[in-house]
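Dropping a structure here in structure tokens format, bear with me for questions.
Chain naming follows the written order as A, B, C and D, and within any one chain the residues start at number 1.
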Amino acid sequence: MSEFDIGRSKRAREAFSFDDISVVPSRRTRDGADVNLNWQIDAYSFAHPIVAAPMDSIASPESVIAVSGLGGLAVLDLEGLWTRYEDPSKIYAQIAKADSFEATSILQKAYSQAIKPELVAARVSQLRSAGVVVAGALSPERTLQFHKTIVDAGVDIFVIRGTTVSAEHVSSRGETLNLKEFIYELDVPVIAGGVATYKAALHLMRAGAAGVLVGFGGGATHTTADVLGLRVPMATAVSEVAAARREYLDESGGRYVHVIADGAMGRSGDMVKALACGADAVMVGSPLARATDAPGRGRHWGREACHGDLPRGSVANFEQVGSMAEIINGPSRTADGTMNLVGAIRKSISICGYTDVKEFQRVEIITN
Amino acid sequence: MSEFDIGRSKRAREAFSFDDISVVPSRRTRDGADVNLNWQIDAYSFAHPIVAAPMDSIASPESVIAVSGLGGLAVLDLEGLWTRYEDPSKIYAQIAKADSFEATSILQKAYSQAIKPELVAARVSQLRSAGVVVAGALSPERTLQFHKTIVDAGVDIFVIRGTTVSAEHVSSRGETLNLKEFIYELDVPVIAGGVATYKAALHLMRAGAAGVLVGFGGGATHTTADVLGLRVPMATAVSEVAAARREYLDESGGRYVHVIADGAMGRSGDMVKALACGADAVMVGSPLARATDAPGRGRHWGREACHGDLPRGSVANFEQVGSMAEIINGPSRTADGTMNLVGAIRKSISICGYTDVKEFQRVEIITN
Amino acid sequence: MSEFDIGRSKRAREAFSFDDISVVPSRRTRDGADVNLNWQIDAYSFAHPIVAAPMDSIASPESVIAVSGLGGLAVLDLEGLWTRYEDPSKIYAQIAKADSFEATSILQKAYSQAIKPELVAARVSQLRSAGVVVAGALSPERTLQFHKTIVDAGVDIFVIRGTTVSAEHVSSRGETLNLKEFIYELDVPVIAGGVATYKAALHLMRAGAAGVLVGFGGGATHTTADVLGLRVPMATAVSEVAAARREYLDESGGRYVHVIADGAMGRSGDMVKALACGADAVMVGSPLARATDAPGRGRHWGREACHGDLPRGSVANFEQVGSMAEIINGPSRTADGTMNLVGAIRKSISICGYTDVKEFQRVEIITN
Amino acid sequence: MSEFDIGRSKRAREAFSFDDISVVPSRRTRDGADVNLNWQIDAYSFAHPIVAAPMDSIASPESVIAVSGLGGLAVLDLEGLWTRYEDPSKIYAQIAKADSFEATSILQKAYSQAIKPELVAARVSQLRSAGVVVAGALSPERTLQFHKTIVDAGVDIFVIRGTTVSAEHVSSRGETLNLKEFIYELDVPVIAGGVATYKAALHLMRAGAAGVLVGFGGGATHTTADVLGLRVPMATAVSEVAAARREYLDESGGRYVHVIADGAMGRSGDMVKALACGADAVMVGSPLARATDAPGRGRHWGREACHGDLPRGSVANFEQVGSMAEIINGPSRTADGTMNLVGAIRKSISICGYTDVKEFQRVEIITN
């Protein structure tokens, strides 16, 4: 990594966002029908590598089931509105009507309601009965408290997702999550993150994660950079974590941990770039918030936006461009990368002459 | 080429767009009357190196004949509106009235109409009777199907133009175009592209192309970067392909393949930069879409914008600044590089002290 | 420091602003409750490292006392409105109502009124009776004239603040301030600046300053770059001065001079970056101008904006987001880094796994 | 100079504009009263180094006399409105009322009127009777035709100003200006330009120029980059030409040719940067077009904007901020670098601790 002298006492590594790079076609092209987009993690297989993020604006039990039916993995937030309210439809309606000034306060109030363990179990069971791959997410802070409820209720994939998740959390008060022991004792595969550096990712891999979420502060609903000064541009973050995957593959004697880019991919072109930088899959929020059948009704927010005394996200407004089915699998009626996400990924891989995502990770890129 | 570490697992070459560079006058200046702008490809000679792109918004049979009369090469799209409709004037009118939201759907519908082989032949004959150099374009996908019709009808120059054209297209279903055999058997010179890299261009040259179109996703009507994540900034792309021309000139023992920059040149200054980077000619669309006598009536779109399930372009709106004649040969009444394109190229070459485009390719450039 | 050739006769060092960089979390995280934000300079200790700048828009005697009560250091401008007018409330009202066109003239007129020595003494005494740490600021030009009045009135910390303060001011007319002798003879600690380079900071440290203010021309109310062409991007400036602190610590055998970033930190994320670049504390204006209880009533200006014949700042308009207490200590209702500044700094340090500001100065940063 | 690979066949030097750099104060400051801003070229001495450009929008005979009275050099365009019309006041009125769409056509028509030799002589005489330093400008194309008239009428300084002026102009038709012979035979000092490179400047110096104008296409009224693709960012251009001055000083055994930055300096901060990069003086247009007593009445245009078939500039609209006297010598009522230009230059030099422009050319600069 090249470095800059910021001043005589500080150096900084050079980092790149998706906007800084582009993918370059090679001398061969390929028929799109010959491109295989399947993604497999642990025992679960999906038709494409697009994962719906555990965000209340896009993931209700109903929409999680719908998106699963469209071939991808969808994750429900198990400490969001659906485990705080028996029926959160009034809250959704409130948020949909709020102007941007009052939206944060409304979120803060809505998410201050206590999480109900019985609702956690009920939501998991509801997904299980629908026959989809059941994936639920908790923050690192709540994992100790609720994981038994969730595993007992029959989750297939366990997602631990926070602004930053580290293998080593230090606290002088009370019990903290020892991620390594936790994953070891758990029977289900764990996907954990966000991380943004080689070292942090390697530690999560060593702790046993089946997948690592790359990113923080990059998405449409994050203002982490403004509030906390934290940011790692995503092209660099994904490439760093992909390097950790290779290192860990070697040191573990063959364990392949999936790299899942999380956030900062508003358009299909960004997802293509994430794969080109080494991601195996992409977790997206805002592209699905544009669906007419998303629970957020055109509004989009993350869990950071709901923090009681330091909110770090806002409620974004998106034009609704089509159904979840059209957004994910097409056909598209827009030319801006917001519809037919799977078709766009397939087209890019075929134009560059590759056959699948793993091969495509070798594609040439340039800086813009 | 200098390279950057994007992250530990990925490197990227540094690339430059026309906006990143400028041309630098040298210590000598020259009288504009002493500058020779002639461009010759195969047996055909033109008064200037500006080529009208095969786009329905600027190229009807009538406007192709008109632009040819202004000294340049003009290409008709042989799988556009003019070979799908006996009289496409109603379609043009529809597009001219559409708002930007519905425009894509209107294009998708209009271009879903089947291509009529008899119209393909008729359009070529129409141009032939007008006595101009007859140039027609097909996409790589349609070339096998229609090339005989076209050659039989008497085309002079055959253009194969797609987002990406490669010398090697891989498909597991059916017959695909073997470009090398195809060109070898054809009696007319072939211009093919877009390409954006040294290697891809070299393969097209080896396949026998008389000219190579450089670019994709750069133009006013392209959103390739948003949708597909693909882009190669044009200054770099042209310079790479110009290097391939030199390499191929050597390995072929003297065959000079023309480098034609295609797209991302909205103003005459951009065309000057393309030539300075090594282009022999420039294929333009949007500058001519500003003509009062362009068939698009101020609207401009590319064939990508008409794709049925993954449109990658939009309908742009341009102020109409003058006639085709004024835009190409002047005089200009605007100061923004949209009129008197030929005059501007002549002026730049003369200010830098050179006598023709070939010499001007050596001019010094700087980064902005 | 890397350097560029601007041209054959001039080289320039590469410099970075806060917008150019971000902080990168490491592999460890820490409980926010375990982070210690105390800041101590000379004999005075504060709950956090945020210093309110000596600017009339945010610092009246009343608000200085209030901000002190919120745990930080607040400085009163002793050559501003409060020492020119017995009661400046009419002036404040005038500025609050002025449109941007006439605001500069109103400031020029208001600040042309003579400073009254008896008011200088009275303001200091007023702060002293409130029991807060008394800090007052003068420009280098007025220091000789008023410092005795101020010290006699019982100031605890003396601030000398100008666009540029140097240890060596050369003049052919009359008496000038010899900073080294002045500080030596003074009984109270002196904070001086702005400076922006290693060398200038080292000279101020050798002159005896207890703290050095880093910056000029970066703040919301400065237009120094437009008017004077002077600017040093803040990330570089802070890092340079932090290097001078280390050099001086060594050459003085252990005297630790505080580095206080001053200006260009409109959001909490910027303050985090200043600390990451080596600052011990941050002096802020515009973030506090957003307080409903700031004397400027949403207007914000610096002393440069009041210059009689070369004003170098304007009157900015800020939305009032909450009380001083909420802005500094939270809770926040906004997601843009304008509220709960202390909470944001604490959160960043904890996410990066550090325990205090001194440790946090080692955190990794990247360029955006 | 560092260079980039644009692509395999083209390299480009890295260049910097004034916006890319800033001036850095050193450890010393100086009393502004001790700064000497005098500028002397040939036998003529001026109170400050600001030169009013030969542009009809700012330079009528009356305003040239007025600006001269404010201490600087002012140049009249001798092939502009004042030598085409006995009384151009109607033309000025027309331009002042034109909307931006029709302005170019109005200029083209107005400047198509023939130049009257008797008016050329009369304007020079008018300036001479006013007792000011008489400076008149011609383009290289008109120099042969009118220089005798002008010299006979008693010009003190002869300015040859075009987009690009080279020492070697090549033409196959008729007589061209041999600059070296021309200057040698002329009795008055010649200032010539624009140039933007070391080599071109060195040739002008060897041809005998007393001063060299640096720049083209950078100013508010230029659109050279859009139309012609030509541009050299000014910080680099000035530094290159300053290096040529040093080279020529050596090879000529002591002849000091003045480097005059011309254009792209809209604010006083830009003028400071030009001097910091090595300029001896600055020729400005747009800053003076903001004067209430400029002949353009808030409109501003260059001679390129009037070209008959390839106009390369537009008519800009400026807010009128104050009188010529206030703009040049202050006092200022604005904080954006548009008033008290001389005061701002003086202030910057004093803050950086220097005594005059020649010393200030050594000041440290950074990239932003």
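As a working rule, a contact is a pair of C-beta atoms (placed from the backbone, for glycine too) under 8 Å apart; a residue touches a chain by one contact, two chains touch by 3 or more.
Please read these numbers as outputs of a predicted model, since none were measured by experiment.
Shared residue numbers account for under half of those found at the interface formed by subunit A and subunit C, and the copies are therefore classed as meeting with different residues.
Seen from the C-alpha centroid of subunit C, the farthest chain centroid is that of B.
Centroids built from CA atoms put subunit C at 57 Å from subunit B.
Each chain gets a centre from the mean of its Cα atoms; for subunit A and subunit B, those two points are 40 Å apart.
Residue positions of subunit A touching 2 or more other chains: 14, 236. Chain contacts in this assembly form a single closed ring in which each chain touches exactly two others.
Contacting chain pairs (ordered by label): A-B, A-C, B-D, C-D. Of all residues in subunit C, only 4-10, 12-15, 17, 104-105, 108, 163-173, 176, 196-197, 199-200, 203, 216, 223-233, 236, 304-305, 308-314 touch subunit D in the complex they form. Remark: subunit C residues 1-2, 14, 16, 21-31, 33-34, 198, 235-240, 242-243, 246, 267-273, 276-278, 330-337, 340, 343-344, 347-348, 351-353, 364-368 touch subunit A in the complex.
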